[in-house]
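Structures incoming, each one as structure tokens.
Each of the two complexes below includes chain A, the first together with chain B, the second together with chain C.
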Partner chain A sequence: MSIDYGNLCSVILKQCFGETVQLVGDCLFAANARSLGNIVKSTNLTRREVSTALGILIKYQLVTFQANDVNPFMAEYSLKRDEILYILRYSRYVHLIQTKYGSVGAAIAEELLYSGSQTASNTLLKCLSNNEINEKVETIRDTFVQMIRDNYLIKLPMLVPTESGEPELVPKLHIEDYDLFNPPEIDLAMLAKVQARTVQASQLRDAAVFWQLNFKRFHQDFRDQCMISAVERKLGSSAAECFKYILKQMYERTDPWQRQCSNPFTVVEVKQVVEKNSSNLDLIRHLDQYVALLADDSLHFIRKIGEMGGGQYVVDLAPAFESLALACIENVITERFGSKASRIFRVVRMKKYIEQEDLQKEAMVPAKEAKLLSYNLFQEQFVQIKTIRKAGGGGTGPAKAFYLFYLKYKQIAKMLLDICFKALYNDITRSNYEKNEHKRLIEKSQKLDSIVATMKERGESLEYIAEILETLTPPEREILDKVKNRIKTLSKAELSLDDTIFLLQMYLYHSAQVSVAPATKK
Partner chain B sequence: MAGRGRGVKTGTLTQEQLQTLGCVGKDMPQVAQAPPPTYPPLMSKPVTLETTASQNYQILWKEDFLNHMRDSAYFLQPIEKSIAGRGVSRYNPKQTNADQCIKLKPRTEFNWSLMPAELQMANKKRKIVPKEAAVKLKKTKPGNIEDRLKVLEEKEQTEDDVDAPNKTNSDSEEDVEEEVGEDVDDEMDDDNDYGNAYFDNGEAYNEEDDNLDDGPVY
Partner chain C sequence: MSGDDISHQILAVIQGIPAGANNEDLEKSLPDITAAVRVEGLNKLLKQGSIEILKKGDKLFYRAKDPKKSALPKDADNEEKIVYGIIEEGGSKGIWIRDIRIQSNLNMTQLNKILKNLETKKLIKAVKSVNASKKKVYMLYNLEPDRSVTGGAWYQDQDFEAEFVDVLNQQCLRFLQMKRDNAEKKREGPLAFKQLSCCTVKEVHKFISDLGISKVNLDEDDLETILKTVVYDGNAERILMSDGSHVYRAINSPLAPPGLVQMPCGICPVIKNCSTCGDVTPTKCQYMKEWLD
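Right after this comes the complex of A and B.
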């Protein structure tokens, strides 16, 4: 974890939960785990403030705790560093749910994100009180259950009851893997009673079962979308559709987060799925060719491993994301150093190890310019230099050495990731600055908008409304427009940066060597 | 140091010394007289960002989310900031507005059973009100005022009846009694929604901390 990422986490926490939580988050970021007393001492906040901040972070699933090894009565808190970045993706998650389940699904996701974690019944009650949702409670419940079945919602670990029945000072939470996506029992009759306030919400049957969005499932969809759109851009829509069904077939027998490559599948199986689900005649007729095209392409998304069942293939996730990440790096180089530098980068990539003189010949760039560009790339750490010294020479003169350019993909990806974190931090800071600087003007325009909206509802005359609108003077309006435009551009940049971060993170995940003890996953 | 006479420059290297060190005249770094520009000049114009419907949806949603979080009870500001300057500018209208905002925020809802007990203990409100005071507060509920007045009236009448034969007291004594009665009424009318015993001037914060720093007693 870099300093840039620490700064980014800090500013995200400040934006969402205020300065106190930011201080506690910073303190936790600096260490693996800390106790309450330790945090109080290092932050100079009161014990109550720190406790509330920790409560908030635990509620929003950004902090975990466990009993100290030496003193089981003392809890140690640790920050889920990766998940803080997910806060920036919340809008993306809701948008995905909106496209899949409509406004009801979006309202459910929204409620869960607003409250961090929530019971099913409470979520339903909040959706019912939402004026924008005019659906029946049965529809909302069915959508909720469907979202669980599709693994978009996940059950949180539950309290492990003690033998004595008394609560422990540091509660133990646990959940079995098979129970993660077990839909809850929602008693609609009881729910109606709670709504009518004749029964307490705590008496509901699922009062102890909390739910959260399953971010891994969303990331799986984003990853698929990333690959499908790459195929679409390069090989057309039919090939993209073909790849979509290949992925669908892949998930039948493969863990979605398998790192290197998937388990094998055959063309016959894909054919069956396509014939069942697709109406694209071109694809059905030329499926074999499309699969062969995908396997032959330089993107290396799938690889042939046998002839069984019309051809046996695997989806090669590691090389796929390597080519996508390298395309992204090339784009960055083109934007920063120009197309000639990008050509030099490609030559180094192709040749793996290359000398300066060969490089300028291969890239067909004038010697002086090639030297300048390659040194620039070296200075910014996009290419590395390996020195090979020739044996001998003795004391007769300087030993001859060969200087070879080569690439360290992972190092470049990590460096770019850090640049993205830094850019995101700058983006958010600038956006906050703009908002603070023009706070008065923004608030005035918001107030004016709400007044005008109510006036229109009341049916006031247009002249009167125009008169009210004139309270915002033309220069003020001009400044406001400029500020709004600037903030919107910054927000868009934030989304684009997050796309790049996601791609690079996927590349680093899939290119990592398989560890002996697999990491626990939700 | 030897060789340091009048008129001899000290502290900087001479041209010859610099040349022996390998610094030729044109290689000398120029003296910086102004700070560097805040942003380095852009070599090329950045790519313009595309705007799609989904992006617009996401931007608007995020704005709503941040506003919601800012208004929620889970947005914490340090105490010094949220009630800063209360003693200095007590009647500052801005300040009172800020206080109202704090009051208007909904209360935090935590499921304490899923969190370490120490967090809940630190968040518990300490009731240091003695029992008698609590009873007194209970009596001064706004709904009971009329009943209470009636009771007091009856009491006064009965007392008057009892005291009638002995009514040789001076007016000054009566005044004293009235004053006592007024005191009771004052508490009932003005302070009915404000418990004096609950008042916390903030001085007790550190004392609590000290007690709790040692951890709970097992």
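Right after this comes the complex of A and C.
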């Protein structure tokens, strides 16, 4: 976790929940876990304010709490730092659901995102009261259940009842793995009564079961999309379709978040899936060739491990994301230092260790330029230098040493990730600044819009409306358009920045060494 | 009979008489050659440096020169001979003046004098190395400098011809892409497509030679280095064939330009200094301003 990420989290929290939550969030970000008293002391807020802020953060699943090891009556709060970034992805989550389940699904997802976590019945009630949804309650319920079945929604841990029946001071929450995607029973008759306000909402049977969006499932889809589009760009659309079915086959037997590589699958299995689902004749006819092509490619997405069932393969996630992350890094270098620099970077990458002189010969760049570029890359820490000193040599004369360039992939990826966080922070800050600078204008135009809308409703004459509209002078209108354009560009950049962040995070996740299972506890 | 054949015949005769042949010997051995033709042949041999003229009394003798044997004149002293010998050993790679001094054990002023002397006699020459512009190496006058000294086809007077390399790089890439587009049109399945889009160095060499963009003669090794730069640019890949040779094919990058570089922060040279206070801040940023307007 870096300072840049801390700053980013801080602005995100401020944007979504206001300044109090931001202060509490900052305070929690800086430590592993803090107690309520501790937070109150270090933020200078009142106890009530801090409690409310913590309540909000817990509702949105951004803070977890746990009883202190020493004092079981005191709760300690800790921030889920990684998940704060997910807030910026909300629009992508909704968009994905929209394409899969249509507007009903999107409404459910939006409702759950707005409220952080929600019971099934409440979500349905909210969706019913939404004017844009004109579906029957059964359809909404079916979509909800289907989303749970497809693992897009996840059940939150439930309160563990104590033996005495009295609530504990620090409540314990727990859920078994098998129960995570167990759809709830939704009593539609009761729901109708609640809607008619004859029954209290708290009397519903599922009042204690809360649901949330399962971000991991979404990220799995994003990851697949990322890989498929890379295959499409490099090997064409049929190969991309082939890879899509390979991934589908892979999930049959593999935990989606297995780090290094998947469990094996065979070509025959893929063939069955393709023949059942695809109408692409080219793909069906040349399936073996496409699989061989994917395995042979320099992206290293799949790897052959045996001959069983027409060829046994695994999806190699770690090397796949390494090639993608490197492609991203190379792209950044091209934009930042020019194409000659990215050539030098690739030479170092392919040769692993290389001296300056060989480097310029291999890259065919004039000596002076090659030195300038490689030292620039070194200065910005895109390449590293390893010094190998010759033993001996004595005190006289220059010491003999070799200076070899080499790369540290993970370090570069982490550095780029930090730059991304900083860029994102800058983006949001700038956007806030633009909004603040032109606050008066924006508010004026909003006020005007609402006035005009009500006037139209009342059926006032068009001339009168035009007159009112003219209170916003042409120069003002011009500035307003400019500002709106700027904010639009910034928010577009925000989304595309997140793509880069996602890719690099995936690379770091998959390239992490698999930790050996901890020794059994005594 | 052409001039070349005559000079060869004359040379054979001269080489047959180690002490040197005079005009009469030549007349005897080659009776069907007129004096005028013979003079022409002799002149040619003299120019090539394969014979020398000696005067004995008032007669001229022609003696064959051994092209490999040292052409050091007889009046050279011992030091000159030693230095000449060291330079000769250096071969076409040349030898650095410091190494000569160490090996010959002569002092600097004396060595400089000898080298200057030999140079004026056109027995040795100094060649500037491309690796270190100030380093001069010495080699025998009649030797062609080695590639490592001159830098091969990419150097002209110790200057790297970057533009020439760039043009060749682009042309090679164009050829690879053309090949791939042609292969794509055939539609014979993915593996066939891949094989058809591969190019050997020979094919590229032929294409570049036919284009005629190069003034110097490029061999296949030269083009291989160029093709490697195309690979290093990320526009092609190099595939090892079963017979140990390499083929090249054009590829696309697997990623669109990442989001990071679509905004100024991704390419900002002062991002390290950027913070909420100080001169570089996101609200005051000049790059941002230009980008947004």
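Just so we're on the same page, the second predicted complex is superposed on the first by the 500 of 522 C-alpha atoms of A that agree within 3 Å, B and C clash if a C-alpha of one lies under 4 Å from a C-alpha of the other, contacts with A are read in each partner's own complex, and residues count from 1 in each chain.
In this section, a residue touches a chain if its C-beta (ideal position, glycine included) is under 8 Å from a C-beta of that chain, and two chains touch if they have at least 3 such contacts.
For clarity, every value in this text was computed on a predicted model and none was experimentally measured.
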Requested in this report: Would you sort A:E335 into first (chain B), second (chain C), both or neither based on which partner it touches?
Outcome: both
Report task. Please indicate which partner A:L293 is in contact with in the superposed arrangement: first for chain B, second for chain C, both, or neither. Result -> second
Query raised in the report: Should A:T46 be classified as contacting the first partner (chain B), the second (chain C), both, or neither?
Result: first
Requested in this report: Once the structures are superposed on A, label A:L416 by its partner contacts, choosing first (chain B), second (chain C), both or neither.
Outcome: second
Query - Which superposed partner A:R343 touches (first chain B, second chain C, both, neither) - result: second
Query raised in the report: Of the partners chain B and chain C, which touch A:A466 in the superposed model: first, second, both, neither?
Result: neither
Query raised in the report: Can A:A363 be said to touch chain B (first), chain C (second), both, or neither?
Result: second
Query raised in the report: Does the superposition put A:S91 against chain B (first), chain C (second), both, or neither?
Result: first
Report task. Check whether A:A493 is in contact with chain B, with chain C, with both or with neither, and answer first, second, both or neither. Result -> both
Query raised in the report: In the superposed view, which residues of chain A touch chain B and also chain C?
Result: 335-336, 489, 493, 495-496
Query raised in the report: Tell me, which parts of chain A touch chain B in their complex?
Result: 15-21, 23, 36-37, 40, 45-56, 58-60, 65, 73-75, 90-92, 94-95, 98, 113-114, 159, 167-171, 173, 210, 335-336, 338, 488-489, 491-493, 495-496
Report summary line: chain B contacts chain A in the complex at 43-44, 46-47, 49, 51, 54-55, 57-59, 61-63, 65-66, 68-69, 72, 74-79, 81, 108, 110-111, 113-120, 122-123, 205, 208-209, 212-213, 215-216, 218
Report task. Within their complex, state which residues of chain C touch chain A. Result -> 131, 154, 160, 162, 165, 169, 189-191, 194, 225-226, 228-229, 231-234, 237, 251-263, 265-267, 269, 271, 274, 276, 282-283, 285, 288, 291-293
Query raised in the report: Which residues, counting only chain A, touch chain C once they are in their complex?
Result: 7, 230-231, 233-236, 238-239, 285-286, 289-290, 292-293, 296, 298-299, 323-324, 327-328, 330-332, 335-336, 339, 342-343, 346-347, 350, 357, 362-367, 369, 416, 419-420, 422-423, 425-427, 429-430, 433, 482, 485-486, 489-490, 493, 495-500, 503
